[in-house]
Amino acid sequence: MKRQGKKGPQAMQVNATLEEVTAAADGMSDKEFRIYMLQMIWSIKEDIKQQNQTMKDHFDNELRKQIQEAKDQLYREIEVIKNKQSEILEMQEAINQLKNSMENTTSRVEHLEDRTSDNEDKVFQLEKNIDSSARLLRNHEQNIQEIWDNIKRPNLRVIGIQEGTELQTKGMSSLFNEIIRENFPDLKNETESQILEAYRTPNVQNHKRSTPRHIIMKMPNIQNKERILKATRERKQITFRGKPIRITADLSTQTLKARRSWNNIFQTLKENGFQPRIVYPAKLSFRMENEIKTFHDKQKFKEFAARKPSLQNILAKVLQEEEMENNNENQQWEVGQ
Amino acid sequence: MKRQGKKGPQAMQVNATLEEVTAAADGMSDKEFRIYMLQMIWSIKEDIKQQNQTMKDHFDNELRKQIQEAKDQLYREIEVIKNKQSEILEMQEAINQLKNSMENTTSRVEHLEDRTSDNEDKVFQLEKNIDSSARLLRNHEQNIQEIWDNIKRPNLRVIGIQEGTELQTKGMSSLFNEIIRENFPDLKNETESQILEAYRTPNVQNHKRSTPRHIIMKMPNIQNKERILKATRERKQITFRGKPIRITADLSTQTLKARRSWNNIFQTLKENGFQPRIVYPAKLSFRMENEIKTFHDKQKFKEFAARKPSLQNILAKVLQEEEMENNNENQQWEVGQ
Amino acid sequence: MKRQGKKGPQAMQVNATLEEVTAAADGMSDKEFRIYMLQMIWSIKEDIKQQNQTMKDHFDNELRKQIQEAKDQLYREIEVIKNKQSEILEMQEAINQLKNSMENTTSRVEHLEDRTSDNEDKVFQLEKNIDSSARLLRNHEQNIQEIWDNIKRPNLRVIGIQEGTELQTKGMSSLFNEIIRENFPDLKNETESQILEAYRTPNVQNHKRSTPRHIIMKMPNIQNKERILKATRERKQITFRGKPIRITADLSTQTLKARRSWNNIFQTLKENGFQPRIVYPAKLSFRMENEIKTFHDKQKFKEFAARKPSLQNILAKVLQEEEMENNNENQQWEVGQ
């Protein structure tokens, strides 16, 4: 029986069906069944206790594990973020450096602005000064030219007398008298022995040049100089001991240049019967419409010519050529004797 | 009985109280009760199994759900942070761009500093050059003035002779002789026929002007010029063919200006009996304390006047007016004939 | 019995062993056991219900607690990150400020570059202008010097005549004649009474100076001036009323300076028998290798001397000293009478 009783509870397997359990219980005595019941209930209680523990363990483990997993996952994200954030420090340093550089640069720029303003002020002042200098220089230029012309006004320039001739004649005075006697016997009384001074120019002889230096002869007054020049213009040729020489007015470099600048226009006017003349010091004078027109300034002459078709036609080519030359050369103004 | 046995277990409802269950069991046979018990225990076991499963499911679901919720919540935060962090990249780019700009700007500033220094050096040099130019210009200015005065020193300036008169007299020389005979018969022997040259100034006649141009007459020496000027000052009026003319020294523009600058002071001194005179070229001379005082420079004269109460009183108004004029006009110095 | 039955279930404690429970059940009647069983099962059911609730509560609490803990932990991290991130805003502001500053600075730099270029252009133009001004100034300088020399060429400079002597002689003319008669009786016919003008220089007497001012005497022509100068050179001493005076050419300041600049070389050449002379206006002339060498320019002379060992030897010391003086003084060029 005991074996049988033992057999009953042992048959109450977990996977036993209710029918199998019921069949097993059929053969039990009351006492056996009671024990079986008590065993069953005790076993259920134990089961519950154990399963609770299992459940709790499972739960605790699972909870810990999954939270840990989630935390790990999130921490990895946070780690990434933190790594990224470490760059903020570098950036802050970079920004601070930039701020310093900017401050430094700004103060340099401010300093530069001050210096540049200063330069501008000074340049403006310099421009003003150089403008008034330029005005003064032009004024001096013209004054020096006029002074030279004034000084040279009583002078004659004699071209073509062999170097050394003045030694043979024992002085410039006799040389001058010889020229007068040979060319202008009528002026002998008024002009003979009248030169105040006479010299070769330039001062130093350049032996490489084959032509003799010019002789400047200073007359005591302008009338006599003019008389000789007038007589010179009236004669076909002036000679010294039979050889041709030239006698001209003695003009300043600048006046000569100004005279030469009329050359092309002068030539054209002459060819067209306007009877042009260069008037002292460097004016162009010509006959037109029964009047004598005189021009000191080429610009003024061009404006006048532009209003006169007869002039415009004959001068068109000459004036155009001059325009081109002027554009090619830098304007330069210098004076001299 | 079987119906009764069936009735018992069916009455063991979950919400049945212990009393109801006990009452239901009272009517059961042993066999019915045994089956009922076995059923009860089996059902409890099943319940436990099922409830465990339910609990586990609940737990798993809840765990997953809540962790997911927490993760979602945190991920949202992380997302916000990450979004924010994406700006770091932009900032780094911005910083790099700024660094480049800064480098670029710094090198431009350095280049500018070099160029500005260069400009400063050149401006300094220009200022030095223009200073020495200005010194030279003033020196030339004064030289040109002195040269003109020197050249003009033997000249007389005759004012008021009608244009063309020199054609009637057949030359300036006879015109000059006529003036001498009409006004200074005593000087006839020393000065007649002495002019070296004579011309109208300015060179070109301006037909719009009603007054005749002045005539410049060059004497062979200064003594004779001075004699004529002295005789002129001694006569009340100089005439040509009965009409009043004027004869003066021929002075450079600058000297004339310097002379004119004494006008107000001269007038005041004259009115107060100081017998002032303008001495060649442009000095103020007057009698005071039994001495002749001569001043070349207006500043020196003002300093002298400031120490002499008698002068200070009579000149106060004139000098004050001059001061104001000087402040209004820019100092300008130019020369000419 | 009831008490006994009551005693049984009460003995079924949780911690009672199966043997104790079995022993307790032995004494029960069927009815008591049935009730005991029902009570046991009901109690198990209640237990299960209660334990489930406990488990659920535990689980819910634990879950909530641990998730909260994890969240707190992570939120703390996130908080740290967020705090850090709040700096991003500041940095962005800083970057924006830097960008603005950079933009501002760049535009200032651009403006400065324009202004600096403008200054450079103007400075370049000014340099060009001042260069051509300097050329003109040098040209004017030389012209003014030449004009003065030209004007002064007929002049004699008489040094050492007591101030006021001209008042005793009643004029410069008689004073001049007295000098001629006393020193150059041979020139009496050609030169007496010939001076065109004569004056003391400087114009104003400086009473602090003990030496009398020089007298400038203008001859009507250069020949007579040259005759007197030649006669002066030939006499050991020139006197006026027995006291020594000097008669020299009247040269421009610049020419005098140029003449003086030859002094050391002139002296050395003289000591070594080269018969040096200063030729008008300021040239060095000397005899060498049976020729007369003439130099206008000191540089040219130095180059010539460098090629001639005989000159090189005697001039080495003098030229070296001049070199050093030139390095010490700033080149300065000014003209005057």
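Chains here go by letter, A, B and C, matching the order in which they are written, and residues are numbered from 1 within each.
Everything that follows uses one rule, which is that a residue touches a chain if its C-beta (ideal position, glycine included) is under 8 Å from a C-beta of that chain, and two chains touch if they have at least 3 such contacts.
Since we're looking at a predicted model, the values are computed, not measured.
Asker: As a multiple of 5 degrees, what angle does the CA superposition of chain B onto its copy chain C give?
Answerer: Roughly 120 degrees of rotation.
Asker: Counting residue numbers used by both copies over all numbers at the interface, does the chain A-chain C contact come out same (over half shared) or different (under half)?
Answerer: Both copies touch with mostly different residues.
Asker: Would you mind pulling out the distance in Å between where the CA atoms of chain A average out and where those of chain C do?
Answerer: About 20 Å, centre to centre.
Asker: Among the residues of chain C, pick out those that touch two or more other chains and give their numbers.
Answerer: In chain C, 30, 37, 41, 44, 48, 55, 59, 63, 67, 70, 74, 78, 81, 85, 88, 91, 95, 98, 102, 105, 109, 112, 116, 119, 123, 126, 130, 133, 137, 140, 144, 147, 151, 220 touch at least two other chains.
Asker: Which residues of chain B touch chain A in their complex?
Answerer: Interface residues on the chain B side: 30, 34-35, 37-39, 41-42, 44-45, 48, 52, 55-56, 59-60, 63-64, 67, 70-71, 74-75, 78, 81-82, 85, 88, 91-92, 95, 98-99, 102, 105-106, 109, 112-113, 116, 119-120, 123, 126-127, 130, 133-134, 137, 140-141, 144, 147-148, 151, 173, 195-197, 204, 218, 220, 332-337.
Asker: Considering the complex alone, what residue numbers of chain B touch chain C?
Answerer: 14, 18, 21-22, 25, 30, 33, 37, 40-41, 44, 47-48, 51, 55, 58-59, 62-63, 66-67, 70, 73-74, 77-78, 81, 84-85, 87-88, 91, 94-95, 98, 101-102, 105, 108-109, 112, 115-116, 118-119, 122-123, 126, 129-130, 132-133, 135-137, 139-140, 143-144, 146-147, 150-151, 153-154, 220-223, 294, 296
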